[in-house]
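The data blocks that follow each hold one structure.
One chain, chain A, appears in both complexes that follow, with chain B as partner in the first and chain C in the second.
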Partner chain A sequence: MEERAINLWSLGIFHLLGRIFINLGLLIEGIGARAIFLWQVVLKLAKRPFEVRELMLQLYLVGVRSLGIVAVSGFFVGGIIVIQFNYALGLFGARVYLGGVTTSGLLREVGPVLVAIMIAGRIGAFIAAEMGTMKVTEQIDAVRCLGLDPIPVLLVPRFLAVVTMVFLLTIFGLIIGLVGGAGTAWLLLGVNLSYYLTNLLKLTTVSALLLGMVKSFIFGILVATISCYEGYCASAGAEGVGRAVNRTLVYSSISIFLVDYIIAAIISITFTLAKSIIFTIG
Partner chain B sequence: MSEWAHKHVKNAFLRTLLIALLDVLYIARLGLSFESIGDNLLRFFETIGGVVWLFIRSLLFLGMPPYRLREILKQTDAAGWRSIPLIGAVLGFIGLIIVLELNFQLSRVVGNTAYVPGLAGILAFREFGPTVVACMFAAKVGASWAAEISNMKISEQIDALEMSSVNPVKYLVTPRLLASAAMLLALSAIGAAVAVLLGWFVSRQDFSFMAYFIMMSKFTRYADVGTLFTKALVFSPVVPVCAAWYGLRARGGARGVGEATTKAVVTSILLIIVLDFFLNSLADKLLKIVLE
Partner chain C sequence: MEPDGAGMIEFKRVWKKFGSQVVVRDLSLKVEDGEIFFILGKTGAGKTVLIRMLAGLLKPEQGEIWLEDKRVDLMTEDALKDVRRKCGLIFQSPTLFDSLRVFENIAFGLRRHFDFSEAEIEARVRNLLELVHLDPQIADQYPEFLSFGMQKRVSLARTIALEPKYLLYDEPTTGLDPFTARQINQLIKELRDKLQVTSIVVSHDLESMREVSDRVGLLEDGRFVEIAPTGEFEKSSNPLVRRFLEAV
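Now for the complex of A and B:
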């Protein structure tokens, strides 16, 4: 009895270690599979046949249909940020910088992440469900039987539509968010608009806007790749479709925040490096 | 029009361009017709009313036996325990991002980074803790609940429940409501703690571990922790009620399941953001009145 217990215990440790290593391997394999998938799609971007009609339809479905949710969420998130920073900056009497800090934060961090999460929830999940259903009901195999490659016919229009529309919707959402923030500060918090705008131009630079745009482009590629991959490689059955949708949501939200952190870390390292160089020279 | 373009325009490039333009015009007309605007407005009010009514009904069933403790515990495990990795990962990155961003902003505004822990604590406890946790909860748990309920609806298991005189709202929604309330409170606390703890790793060159928390305690008060739990409690019914609302209305096979899932996720995230805005503005007004 005692021997058996010891054996089980030692086995347990090795079992755990093995599971950890297997999961690490699966993680690397999954990232590699998605990267190869992305490369395949990119290779076929510029190849005939161009599905212009399908692309137009997807642009409409992704872009125009999401205007409402992006507008509503952008407006209210702009307001939320202003309310919180109004309280936080008021604690040490730096309310003069309210407009500048919130605008810069919205452009650099909050806007791109918010729009990417909303698009992942609405469009990414929809694409995963649609492609998964097509895969499960063997419609993708039917396309292949017709002598067509399913990647340029089905995936390239969706990929392009998501990447373009995340970029454009981020611009739209940022405008709405800035208006929402200024409106909240003016109407709800009673901050004078000229007071709000005092330090805005000093703190908000073109580089903040550019950084936001680069981020939204990268997030668009992430959301498009993950949703198309999960739909295209869904396993059989109705459960496979559900799992594809769930995985799309979880993986895209984790990867959006991960990439956002990586970009922020790179920017901060370069910022401190530049500062130290300037200080040592000057 | 597009047939005319197909027949009479000889140049291939011009033809493609013209057809694309015509498609754009056609699609724009579809989106802007009065009928679609009216449709959307009707659907909006129907959703708001339906969700509120479903919430009230599921609350009314709270006090009625049988309580189905086993089902509540099962949902708690599925909703809470299994989403700890997601919540930990996302809130950990958010904590790192908050401190990096505040380092950048405050070093420009104030000129030093002494206030960074305080502001990071305020943002993590008052804002990102509850709201982002609730959004991630909607994305993971709300999606799986909506898929489960709409699958039951489509395979006529809901009708079978009604046939055996079991109320589907009491049977499905009330246990999930309780599980969501308990788990969102716990997950918000875990998420905020992870965010605050990981934030220290970024600013470890400026502060020692103790100094970080001492600086944080100068700005972050118990009221902020209270805000965290209040917000988590207010957001908790949003996810199960939205999932049930879209799940119980699903129709049309596997496509209906996918549609119900995406709609449930998006509606719950939007509702959480809007509720958060109104809670914040209400708290701000209350604070002003108390101060005066």
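Now for the complex of A and C:
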């Protein structure tokens, strides 16, 4: 009886290990497929004729139509961060750093992540649904049958629009977030505005701004690749389109957080290493 | 080896399967210049697969597919672009781009393949709409506001805008009322005469076959069991042909 239980247990372990390896293999295959797709899109970025009309339309749809939602969320997120930091810094008597700390956090982390998640939800899902519908209703095959390559005609303009607009909307969102933070600090928390702004300029570094920009560029590529790929590879009718939209949202969010984590970890490790090297040399 | 004889389109011992299911088996066919060849067959006989292979949307497992002097089945996706311009495929569903107006749908290929001015494109779109018996006024409408028959004709206009030499119709009259189906049949003949195109029509519509075809092939279980001029086909003593004609 006991022997049988051990056998079943060991079988369970093998089953579990097998499943883990299979899922790991599928994960690597999935990442590889999306990387190859990104490469195909990049290769066709400069392909003539340029789809200028389509690019302009997509820039408008992705950018101009997202201004409102980015402005509203940027304003409130800026305000919320200030309220939270005001309480935490107050515990240590360090409210004097409020402007600098909140702005640095907004530039480095919250701003780029927030805007990318908003665009993934609003535009990424739309692109996946649009491309997916075109795929399952044979409109993409129709483009092929007109002697055209669907990647430069349909995907490149959407890809460029998402990457460009995530970058620009992040800048816009950060500005609005700063205004929201400063406004909240001044009007709601009674912080002296000139004090707040002086600290903001003192503690906010160019590297924080650059880091935020680099992140927004990478996040834009992630959202654009995932949404275009999921839509373009959709299958099995309406259900397949639904799955493509769902995957776009889930994969975009996970990849944004994962990449953000990796960047933060790399910077932290590099910083610690650099410090220890300087200490050793010194 | 290039195709022998005068066949402009030729399938040589072609096999195609999806998974373990063989849909085209050892099929050979030659379509002559300027004719309307009609492929009859029940659902799942492999009719659509055949014209999709010719347009390069599917690759055969074995065999050769020739268009003029070029082997389509060996071509890369880039090389197929020229084949697809020459060989217009009209899908069973209209496949119009639903986010674009009728005008932009028809101009889609024109803008990307030719260096026409906007005025020239407008004039061409108008002519194409007239050619498929549609009022040019509908150019400003979105496809969703058109009837199914009108959408099929817009799709046809979009395809012929590229001046193809071959037209492949996939179930052109399916889902249409008898009156509209007759208009489409008339159009297939008119386009052959006006544009001098070679056409392959895939359908199970006998009325359509009688109206438009020069030759007919009956596809059964992935291969042609009879190929004959339309008049002879209807009189064929082949039991498979008799059974199909009686069943339909």
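Just so it is clear, the second predicted complex is superposed on the first by the 262 of 282 C-alpha atoms of A that agree within 3 Å, B and C clash if a C-alpha of one lies under 4 Å from a C-alpha of the other, contacts with A are read in each partner's own complex, and residues count from 1 in each chain.
Going forward, a contact is a pair of C-beta atoms (placed from the backbone, for glycine too) under 8 Å apart; a residue touches a chain by one contact, two chains touch by 3 or more.
Everything numeric in this text was worked out from a predicted model, so none of it was measured.
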{"item": "Clash or fit (per the criteria above) of chain B with chain C on chain A", "value": "fit"}
{"item": "Touched partner set for A:G79, first chain B, second chain C, both or neither", "value": "first"}
{"item": "Which of chain B and chain C A:T103 touches, first, second, both or neither", "value": "neither"}
{"item": "Which partner reaches more residues of chain A (counting touched residues only), chain B or chain C", "value": "B"}
{"item": "Contacts of A:V153 with chain B and chain C, given as first, second, both or neither", "value": "second"}
{"item": "Partner chain in contact with A:E130 - chain B first, chain C second, else both or neither", "value": "both"}
{"item": "Cα-centre angle that chain B and chain C span when viewed from chain A, reported as a multiple of 10 degrees", "value": "100"}
{"item": "Touched partner set for A:A265, first chain B, second chain C, both or neither", "value": "first"}
{"item": "Partner chain(s) touched by A:Q58 [first = chain B, second = chain C, both, neither]", "value": "neither"}
{"item": "First (chain B), second (chain C), both or neither touched by A:Q139", "value": "second"}
{"item": "Lowest inter-chain C-alpha distance for chain C and chain B in the superposed arrangement, angstrom", "value": "5"}
{"item": "Residues of chain A that lie at the interface with chain B and also at the interface with chain C", "value": "130, 137"}
{"item": "Touch list for chain A against partner chain B, complex", "value": "50, 52-53, 56-57, 60, 64, 68-69, 72-73, 76-77, 79-80, 83-84, 86-88, 91-92, 94, 97, 100-101, 104-105, 108-109, 117-118, 121-122, 125-126, 129-130, 132-133, 136-137, 184, 188-189, 203, 238, 241-242, 245-246, 249-250, 253-254, 257-258, 260-261, 264-265, 267-268, 271"}
{"item": "List of chain A residues in touch with chain C within their complex", "value": "49, 130, 134, 137-139, 141-149, 153"}
{"item": "Contact set on chain B toward chain A in their complex", "value": "16, 19-20, 23-24, 27, 30-31, 40, 86, 89-90, 93-94, 96-97, 100-101, 103-105, 108-110, 115, 118-119, 122-123, 126-127, 131, 135-136, 139-140, 143-144, 147, 151, 219, 254-255, 257-259, 261-262, 265-266, 269-270, 273-274, 276-277, 280-281, 284, 287"}
{"item": "Residues of chain C touching chain A in the complex", "value": "55, 57, 77-78, 80-82, 84-85, 88-89, 91, 93, 95-99, 108-109, 112-113, 155, 158-159, 162"}
